[in-house]
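In what follows, structures are represented as structure tokens.
Across the two complexes that follow, chain A remains constant while its partner is chain B and subsequently chain C.
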Partner chain A sequence: MSELLVRAGGLYTTVQDTGRFGYYHMGMPPSGAMDVYSAVVANMLVGNPDGAGVLEGTYVGPTLEFTDDRVVAVTGADVPVTVNDEPVEPWTAIRVGPGDVLGFAMIRAGCRVYVAVSGGIDVPVYLGSRSTYTLTGIGGHQGRKLVDDETLPLGSGDGSARPGAVVPEELRPELAGPAELRTVIGLCSYRLTEDALASFLGTDWKVTKDADRVGYRLRGGKLDFTDREQPFGAGSDPANVVDLGYPVGSIQVPGGDEPIVLLNDAVTGGGYATIGTVISVDRDRIAQTKTGDVVRFTSVDLDTALAARRDRRERIERVRREIAR
Partner chain B sequence: MTEKIQLPPARYEYGGDEFVFVELDQAMSLEANFAGMAVTNALREEAIEGVVDICPSNASYMVQVDPDRLDPRELVEELRRLESTVGTLPDDYVLKTRVVDVPVLFNDPWTHETLMRFRDRHQDPEATDLEYAARINGFDSVQGVIDAMTSAPWIVTMLGFVPGLPFCYQLVPRDRQIQVPKYVRPRTDTPERTFGFGGAFAVVYPVRGAGGYQMFGMAPAPVFDLSQSLPDFADDISFPNANDVLRYRAIDMAEFESTRSEVESGTFRYRIREVEFEPASLLADPDAVNRELLEVLYR
Partner chain C sequence: MTTIKAQMPGVFYRRPAPEKPVYVDDGEEISQGQTIALIEVMKTFNEVKADESGTVAEFLVEDGDEVDVGQDIVRLGEV
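Moving on to the complex of A and B:
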């Protein structure tokens, strides 16, 4: 078995794949890559199955040393990437050998980088997935973020990687400007006044420093709840409902002034009114926003959400064809 | 039961493209929970391709779908069909579940130490969480509220928040339900296995962490075991299942310590009995059905 040396863990780097499913009913969120598109494309570039284990770095990427011949690809956030301190291209399959060191400079745009290595990050599969869920310390590499000076197991590649393969610019995600998050309004949105709902959709929300894999807390406006006598079992706060399930991507507004978008490692349920859900494709987009960035919510229907999902799948298949050329 | 609660028509909502959320009622009731149980059990039996997970909640439920394999609109059609066919439990519906003895040390030193650290976040900084709960629920003493919580069993109406956390609702009419608010501001710490209470729900915290529920005591036995070293966790890292009937039983420090050593030596097993009961009978005469449930448990 071969290893990848973690010289520096970066700020918050975890092993992820496309997620752990079938345990939501017992309170376990899916985890998995926050920006699915970038993670899947990184795997494609190095000839891995779409759901192989990758590294997800946040703000400050890891420093990695290779111990054998591999193909590596970096996708996601816009960040200068180096091999042995020489610049290399992101969204490109790069051949590396023993002693080569992959490093990152400061992120220019976006928030999360994905590193795929041919053969995949071969940590043990736990409950059907290699994804890390740090809250209970399961999956990934010992259930936690990477630290300096440790090693990760790599699988054996099948030799299908094509070094030099590049993802064309038009198939890389747009990271500039405010993030438009298409949202299916609903769930318990009846708890907000009409004005509050309009204000929610019309506000430029700023990502606070409380923004991680669990969820993104936003600031920028105040939303009022309609007056009501609280139903039995709901609790006394106007934001309270009888505890219910939270969809991944759902939005709640506990105090009326700080909407929270729940993401891959979120709690699966609780007692706050949910007012809508960011569509699955646009979780990729919020995953690439960072503290201080602006996000906006646009109301869409289910048709639009499903069409966006089909579009993403088609883009992924286009990438697959481009790489196979 | 005092008066049968009529549920409003269910509300179907799309939680984006990957979830369908169904609200059975805005208020908590056994009737709402049983209606959700009927539909989610029926849905589980249908084993529909593209249903990723089925998550019963207190007065609602949620289904996770893979929209690439199942159009959420088709799922909603099926859920509506199930609502009209099985959505209210027929009077002769028999719930097959298990009844479990869950020991709890009330007024334990560990949650007491924690709650004293967070008095500034509590409604009544001068009282303990149990004293406060006894007072606002009209009991003369802490023992009174403990007796009320331990005399009748509870049903697991939802799992979630964090892995393995059971939300439990007592099998008594609404006018006998104990209710407490959550902390004014959530704590940053709650010991593992804390017996907590918020709204009308009792919980056991699976892991140490933040929390907003009132803290009444501590369970010696885990509800969540990542190492799966205890026999009850051989198949699953989480012990409670939706629809489980749990009887919280007050224990003393001696029993707490002996149970802890059984847990630590890997020999602890919950007292579990398979049981069947009719939810309709429970709603009609809760005390009689609860007596039977406890009789089965301690037979």
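Moving on to the complex of A and C:
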């Protein structure tokens, strides 16, 4: 069996794929790559199926040593990448061999970096996915983030990778801020006053230090809720409603002043009013914002959200054609 | 000017716990790999280690300040 040596785990690097679906109703979030586009494209570059296991690094990337001939690609955040301390291009399929070491310098923009290796990160499949869910310690590599000096299993590639293949600039994500997040308003937006909803959409929200795979906590404004008689089963905070399932991407505002956007490792339900849901395509965008960055919400309808999803699918197929040329 | 930079964004702390003394004082000598501060992000406290040896000329960030990636934390003087 072939292995990838983890010389340094980086700050918070996990094995992810496109997610573990079908268990949300039991309280199990999908996990999976936070920036799906970057993860899928990384896999394409190295000739893997779209849903193969990749590494997702956060802020400080891992240092990886190869033990055999592979093709590797790095996508996602804007960060200088090196092989044996020599700069290499991101969004490009790179041939590496035994003893070669892939490393990262400090990120320039974005937050999460994706590393795909031909053959894929071949950790055991758990409930249909290789994604790591660290809160309960399941999936991925032993259910946790990578640590220094350990090994990861690699699958065998099918030899379809074409070293040198490049994703054109215009098909790489825009990382310059502020991040515009298209949002479908609801399910419990009726709890906000009209002014508060307008203020929510008009505010530049800053990403706090509490921003991880579970959710992003934001700061920058104060939202008022309408007066109401506390319904049976709801908590006493004006932000409370009778418990409901939280959509991935939904925005809740405990206390009215710190909106939380739930993401891939979301809490699956609870008693806070969800005032809107960031559309799936733009969750890739918020995944590339870091603590201190600014995000804004714009209201869109469901048709717009679905059109954006179709556009992204077409964009992914464009990348596939570009790489195959 | 030689500086030590933040490798990640977050909240900057000069001491391991509120009631503990600072990791290093201005003017103190530090060696490569030594922990000089903490940055809190993603619900974890991450040690900031000196990437080279030297003397701490001054801290450029206050205890409890927010820092960004690449921000200068410490200015190093002559050894």
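Following the convention adopted for this analysis, the second predicted complex is superposed on the first by the 325 of 325 C-alpha atoms of A that agree within 3 Å, B and C clash if a C-alpha of one lies under 4 Å from a C-alpha of the other, contacts with A are read in each partner's own complex, and residues count from 1 in each chain.
Assume a contact is a pair of C-beta atoms (placed from the backbone, for glycine too) under 8 Å apart; a residue touches a chain by one contact, two chains touch by 3 or more.
From a predicted model like this one, the values you see are computed outputs, not experimental measurements.
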item: Room on chain A for both chain B and chain C (clash or fit); value: fit
item: Contacts of A:Thr291 with chain B and chain C, given as first, second, both or neither; value: second
item: Which of chain B and chain C A:Val60 touches, first, second, both or neither; value: second
item: First, second, both or neither for A:Ile279, with chain B first and chain C second; value: first
item: Touched partner set for A:Ile107, first chain B, second chain C, both or neither; value: second
item: Partner chain in contact with A:Asp210 - chain B first, chain C second, else both or neither; value: second
item: Dominant contact partner of chain A by residue count, chain C or chain B; value: B
item: Shortest CA-CA distance between chain B and chain C [superposed frame, angstrom]; value: 12
item: Parts of chain B lying in touch with chain A, wherever the complex brings them together; value: 13-19, 21, 23, 25-29, 52-62, 64, 67-68, 71-73, 158-165, 167, 169, 174, 177, 179, 181-182, 198-201, 206-207, 209, 224, 226, 236, 238, 242
item: Touch list for chain C against partner chain A, complex; value: 5, 7-11, 40-44, 46, 66, 68-70
item: Complex interface listing, chain A residues touching chain C; value: 11-12, 58-60, 106-108, 209-212, 290-292
item: Chain A to chain B touching residues, read off their complex; value: 21-28, 135-138, 183-184, 186-188, 231-236, 240-245, 247-250, 267-271, 274, 277-280, 302, 305-306, 308-309, 313
